[in-house]
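Shared between the two complexes below is chain A, which has chain B as its partner in the first and chain C in the second.
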Partner chain A sequence: MSATSHAPGKYFVPEPSKWPLVGSFALLLLAFGAVGTMNKLAWGWWTLAAGSAVLLYMLFGWFGQVIKESESKLYGKNVDISFRWSMSWFIFSEVMFFAAFFGALGFARLHSVPDLASIDSKTLWPNFAGSWPTTGPYIDSPFTPMGAWGIPALNTALLLLSGVWLTLSHHAVIAGHRSKAIGWLALTIVFGVVFLGFQVYEYIHAYSALNLKLTSGIFGSTFFMLTGFHGFHVTVGAIMLFVVLIRLMRGHFTPQNHFAFEAAAWYWHFVDVVWLGLFVIVYML
Partner chain B sequence: MQFIVILVLVAIVVSMASALFFMYRDAGKGSNRMFKALALRVGLSVGLFICLMVAYKLGYIGPRGIGK
Partner chain C sequence: MASVPHDHSHDHAHDHDHHPLKWTRFFTTTNHKDIGTMYMWFSFAMFLSGGVMALGIRAELFQPGLQVVRPELFNQLTTLHGIVMIFGAIMPAFVGFANWMLPLQLGAPDMAFARMNNWSFWLLPPAAILLIGSFFVPGGAAAGGWTLYPPLSVQAGMGMDMMIFAVHIMGASSIMGSINIITTILNLRAPGMTMMKLPMFAWTWLITAFLLIATMPVLAGAVTMLLTDRHFGTTFFNAAGGGDPVMFQHIFWFFGHPEVYIIALPAFGVVSQIIPTFSRKPLFGYASMVYATASIAILSFIVWAHHMYTTGLPAAGQLYFMYATMLIAVPTAAKIFNWLATMWRGSITLETPMLFCLGFLFLFTMGGFTGLVLSLTPVDIQLHDTYYVVAHFHYVMVAGALFSAFAAVYYWGPKWTGWMYEEKLGKIHFWWSLIAFNITFFPQHFLGLAGMPRRIPDYNMQFENWNAVSSVGAFLFGFAQIFFIVIVIRMIKGKSGIRAAAKPWDGAEGLEWTVPSPAPYHTFETPPVVK
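This part shows the complex of A and B:
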């Protein structure tokens, strides 16, 4: 690439990169690994693990390269705008992702289950009452739904408090108080990790004491799908915040220019709001 | 009760969306509008949660919550 593309005011175009190829190879391994695992083939798990390892290598290498380019002052205003647009579209896709899952729960509760219990379905399912929570008419596996006021309420408090710590960290970044920003951000991550620990405990409790499983019909599948994918997003958000914490410690951000912090913070707030929606809609309604 | 909870949830989503808008619009301007929008959403979320806890303690909502 010629030096002119790196000049100020020009749109930065990176050198040809191996990372898209590495990422494609990782996805190939992941796809074969997932198929092999689901079909209980001996090589399935190994291929899945190898795909995950290659994907992590790509994420670490590619994002690391982007951070190095940013710190080398290769990026101008245009690249900054493209990052913000990219983050906006990523967030839009995440909103649609959760909207589909909440939509599935809403459709099942408000349409499918009442329809299966209606007079029209009495010939097929004469004993199905249709009250929520339910497994559905054809699975006879009684379970106790997860109550809202134990671990779920505690987890809600933990995640909301992590949002408060993150807001304090954000304020410290804008005010130029780096050490305070580092402390509050570290506390945010700790609260996120504790949240995940409690969620693992909640799942163990659901399986062992409540007989609430992924196979518990429509309630079990929507419950674990929504809370499980949310837990995965908390994990991703915590990793993002951890990378931002390292960059904060290295002095990468200024009060005027800290887009990576803003993007990761917005993502964490989003994950926090999704949990609040889950707490109200899945656990309380 | 359900209507109020959903209304606050909508307000939270609106404050999140405005934060996203300000993140894009205020790029490099040193503005704190995004921060203010996110702080508002944190305040609304914590307020909603506290209200739900108080309502539960006072017996306004049952063990499975506002639906019962």
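This part shows the complex of A and C:
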């Protein structure tokens, strides 16, 4: 009945699928698991682990099916345009997610911290200077801020270069040079993983040597939440690129038709741009 | 008469349609009609749940003193009533209409991402389980108001965590649904249907989906910060660590104000479909409707702090937000004018959908005017957090969004079910709802002007009379909605005995009326050509 039986038409309507339901069950478990874990209930971790397992099962199954459909040439030109629209809007939604945290950082630096040091707050916090970075007026746990020109600058170079390697790989795909494309893409992923390694090192350094923690007032809050969510997105992007790498090695992509590659590349450039924002606003300023 | 009694040519259309009748198909379906139907039933279930909470509130407020619920439970009821009605009832209702009608209106075989579409729906039940379940955990449900302001929301028990994750899940559902809707409208239109030929319902949903994608992630960020403040020692909303509880309000309302239009715009779309049909005239000022919708959406991003006049904004900020807010009245008034001009010299008949649209027009305009009153900073400082505000946004949310949702059910219901509803019962439902609604919420204006604060279980004796009236109205309104579900079930069962024609309304325009009623399981597998 649905369009899968006569392909590739203008439209594609998939057959009924269990994956949405499996995914919803996963999120139900994950939500209850997180609630349980955060409230230190005995079943929390187990539910969280079960939810993660179901989610992984769903991701493998669902994306596996999409790849299978794509390889069966069920996606025509029109579907390709739909994919392009949807990936663009998804990345826009991610931009707005980061905007909330950048907004929090901006609000704290430009408004709440200066306000807490203003004449209006002198009776409450007589000794608070309001300089940045700060733990805020009441948390007494001095830290050293993360300098911009050590690892963060190196990381900036790593991510920017990885974007270059990715573009070279894309050009190789378009030119039909598969082995070249594989090489550049692998290098992109290596740079991404090294970036993540440096981030982990930096976090350990922050906690052990700088006394800079998530609990270090508003600076620690914004620093770790912004870099943490960025690191998570780099991880997701690297996984996307890794899947694309495997598909590239299996010969899934043609010079004309390789939207999965492009979608992952768009995502990678997006995390790249977010990092530039982080480097300037969180580390440099 | 608008309804054509019997249309033999379509009697057996569904027999040839290979409709998979097994109910278990709903779990795995990729059919926009199935998914639209599920959205609507879910929405109605949540509407009843939220309604029961509202009646709990009104029962307590029937008299001064504490009679029915404890204050703690009262606060939980007000909080969950808000969240459940907004995220559980109204938004899914309009997403349900979008699922059912957009592919039919655009001439598409289904939504652009039919499988993800089903996930958008099936994320809602887990969120509902988290929300309703939170009443039964230690400490009870979230009780700080639906806006989840810290510090109350940081100090609350685990019910708040369940609320936070429910918001995350509903946000994911909304974002996926919106990406689907935008892609469908931009890419699956039938050949010849240019953007300026789109039905208004599609236009309003296009813009609504944009608002959702832009603001839901911001809400997700806000509640994530709440979560880390609660459990991981961050101090976003804690002045001791250099943060600020008011920061939450800014981030929340950056989502929250566009959210108002996320609810209102699809309602405008429905009304823009129905008024021309029953006036038997094309929509007056189509292009200006599109521009007005877009203007409202853009303005909605730059007015958020009018919810915060009493939090200590600088005077310059209050002035800016006051004038920016008043500006929204301009495109909204353009819409109201266009609807009136559409009816001007039309040959109007008053079937139930049209009645609900007229009710919408009167009452939404009133809600808009009280909104204009509240946009004035000096006035709002008096009225903030009083029942005047409660009355205002219920005129917008109930008489605005809910009435147009009812209108949509009566208008498109024959297309969904293949049967006409019973006109007399529909009219009773309308008048019953209209009168009960006004008995409930009109007196709340007086209460608010007299100074009665919102979100309190007990109140001064001086407010007794109007509260009693309001509570009576609320129960009347609640029973009217039980009556509504009876009407809908009778329509599904064909109790009117009148089969719906492909185009049951003689003034209706659009591709959705070119397919038989009930719409076959699969429609427009080859796209129609629009001239």
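What we mean here is this: the second predicted complex is superposed on the first by the 277 of 285 C-alpha atoms of A that agree within 3 Å, B and C clash if a C-alpha of one lies under 4 Å from a C-alpha of the other, contacts with A are read in each partner's own complex, and residues count from 1 in each chain.
As a convention for this text, a contact is a pair of C-beta atoms (placed from the backbone, for glycine too) under 8 Å apart; a residue touches a chain by one contact, two chains touch by 3 or more.
Every value quoted in this text rests on a predicted model; they were computed, and no experiment measured them.
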item: Contacts of A:Ile119 with chain B and chain C, given as first, second, both or neither; value: neither
item: Touched partner set for A:Gly147, first chain B, second chain C, both or neither; value: first
item: If touched residues of chain A are counted for chain B and for chain C, the larger one; value: C
item: Chain B versus chain C as contact partner of A:Leu276, first or second or both or neither; value: first
item: Touched partner set for A:Pro14, first chain B, second chain C, both or neither; value: second
item: First (chain B), second (chain C), both or neither touched by A:Thr215; value: second
item: Partner chain(s) touched by A:Pro255 [first = chain B, second = chain C, both, neither]; value: first
item: Touching partner for A:Leu160 - first (chain B), second (chain C), both, neither; value: first
item: Which of chain B and chain C A:Gly136 touches, first, second, both or neither; value: second
item: Partner chain in contact with A:Ala42 - chain B first, chain C second, else both or neither; value: neither
item: Shared chain A surface residues [contacts with chain B and with chain C]; value: 81, 85
item: In the complex with chain B, residue positions of chain A that touch it; value: 77, 80-81, 84-85, 87-88, 91, 145, 147-149, 153, 156-157, 160, 163-164, 167, 170-171, 174, 255-257, 259, 262-263, 265-266, 269-270, 272-273, 276-277, 279-280, 283-285
item: Partner chain C, residues of chain A touching it in the complex; value: 1-3, 10-11, 13-21, 23-25, 27-28, 31-32, 34-35, 38-39, 62, 78, 81-82, 85-86, 89-90, 92-94, 96-101, 103-104, 107-108, 111-113, 115-116, 134-139, 213-215, 217-222, 224-225
item: Chain A-touching residues of chain C, taken from the complex the two chains share; value: 18, 25, 27-30, 108-110, 112-116, 118-119, 121-123, 125-126, 129-130, 158, 161-162, 165-166, 168-169, 172, 175, 178-180, 182-183, 186-188, 213-218, 220-222, 224-225, 227-228, 230-236, 238-244, 246-247, 250-251, 254, 521-522, 525, 527
item: Sites on chain B touched by chain A in the complex; value: 2, 5, 9, 12-13, 16, 19-20, 23-24, 27-30, 32, 34-35, 38-39, 41-42, 45-46, 48-49, 52-53, 56, 61, 63-67
